[in-house]
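Before I ask anything, let me first share the structure, which is written out below as structure tokens.
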């Protein structure tokens, strides 16, 4: 298993202070990469992430949304994202994946070698990538891998 | 039944020339008002309108989408709408309801007294409003009222 | 278009007296053939027929369910069907398609040349088959063909 | 937590030999009580149980279906259940909860104090009831509680 690269975020929503994986070491992290105009994200991935945030609220799982814009950049600005978050009542922390000049793919997305959106990645207590899922994930399987990681001994 | 007011559109997508209700007189028109960041539109109203466009393709029904932005104006610009139309593969003509200075509600939405989005309005061959539905409509009922109007005698 | 053959029913539910197509001549009839243990019927076809029954309640459409058992005969008896109708809260008239000795397919199903269940057939005011649909039908299309037939001139 | 009472089964499907909780001690058991004519079971609970059976196929979870008929007894006989299992392609072991003379509720259902169907119960490695859920359960929550129990140390 590979160590999860640090995320690079240019702006945060739903959190009073920036999040970093290094400061979260020791806790499992569910990293959900989405785009607000990606139909599969809006219909499945993003509401699923909200369900995970709600279900595991009393555990030490940290849910982190990541707006990984790699197409239609002018259409998916932070201003539009903010309205999207409001309208879809998303309450988990969401960061804007930092744009890289001259490249369509943003920084974190490139570091993780993501193939597109939605992508859901589970990072273990030890900072390793436990699961990297591209496309529609089953709720039951996601619940199971999160619970298995939560049950893992703490470093 | 009331005569349907003319629509006021500042920009068109999916049509090579502007549409007006006056030039469509004699044909039934399905007018679908939506916002690209309205969850009920994205999940139900807008794909339903696409289904109506596909189902009645060989009839003389005219389907007209109307982007009636009355909130989050900076988030739902024509640039964002264009990406939305592309990602959701909408192929029916869509107009941007003309903004009115100093007012949040755009021009056509105000003329029709719409309560919000999604709204689906059926205009009869004679130009009268046959059905004005706010919120989620049943596919079966919408199919039925369109078919009933298509069966009405032409002028 | 072919004239719809008469239905052959050995027992009725949800109606105080037997129905025949000949006595319904002049009214459109939606004939829905299903089996209580057919997953596609239970998930789609039968609730769709209930929706049609509810939607067109004030028209002169007659909805007729037909339990066309062609497999698992011992499992889908009238006793089981009665419980199914109760549990799924079906309120439209439902007849049991008459079994034919030595043959798995019941009488009406054979007359209509049905390929399986669910099958939804629309019979016009003049007694002709207007639509014969096997498998999952779209709600919008079904609503439209019923409404078109309802709009047809009577006799 | 209470020790799970033994199940009382009069007939088995999808297993070559009878199952007992006592012989399964040490393994987690998902016990799913359903009725073949219970709409909530057919639409949600039973396919969810099949998904759990498929997802945890390589773990030591044992999935046990239980046909707990407490109403419409003549309609839900083993003959009808067998056809239901075939048509819905259920592959996990399913037992018929033993009928009790003069009582509508079958034996196991009564022992567990079940309120109705569907009911999903998770029994831990130590034989205790870990979760007793009546009605629609979330896939994510069910996946999580099963995974948590699978991660528990083996006696």
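Each chain carries a letter (A, B, C and D) given by its place in the written order, and its residues are counted from 1.
We adopt the following convention: a residue touches a chain if its C-beta (ideal position, glycine included) is under 8 Å from a C-beta of that chain, and two chains touch if they have at least 3 such contacts.
Values in this document were obtained by computation on a predicted structure and should not be read as measured data.
**Q** I need the common contact partners of subunit B and subunit D, sorted by label.
**A** Touching subunit B as well as subunit D, we find A, C.
**Q** Just to confirm, which listed pair, C-D, B-C or A-D, duplicates the contacts seen in A-B for more than half of them?
**A** It is C-D that reproduces the contact pattern of A-B.
**Q** Could you tell me the distance, in whole angstrom, between the mean C-alpha positions of subunit A and subunit D?
**A** So the centre of subunit A lies 35 Å away from the centre of subunit D.
**Q** Taking each chain's centre as the mean position of its Cα atoms, how many Å separate subunit A from subunit C?
**A** Their C-alpha centroids are separated by 49 Å.
**Q** Two-or-more-chain contact residues of subunit A, please, as numbers and ranges.
**A** none
**Q** What is the shape of the graph in which nodes denote protein chains and edges denote touching chain pairs (line, ring, star, complete, other)?
**A** If you draw each chain as a dot and join those that touch, you get a single closed ring.
**Q** Provide the full list of chain pairs in touch.
**A** Chain pairs that touch: A-B, A-D, B-C, C-D.
**Q** Which subunit C residues qualify as touching subunit B in the complex?
**A** 48, 51-52, 55-56, 138-148, 150-152
**Q** Which of the residues in subunit D end up touching subunit C in this complex?
**A** 37-39, 42-43, 71-72, 74-76, 79-80, 82-84, 86-88
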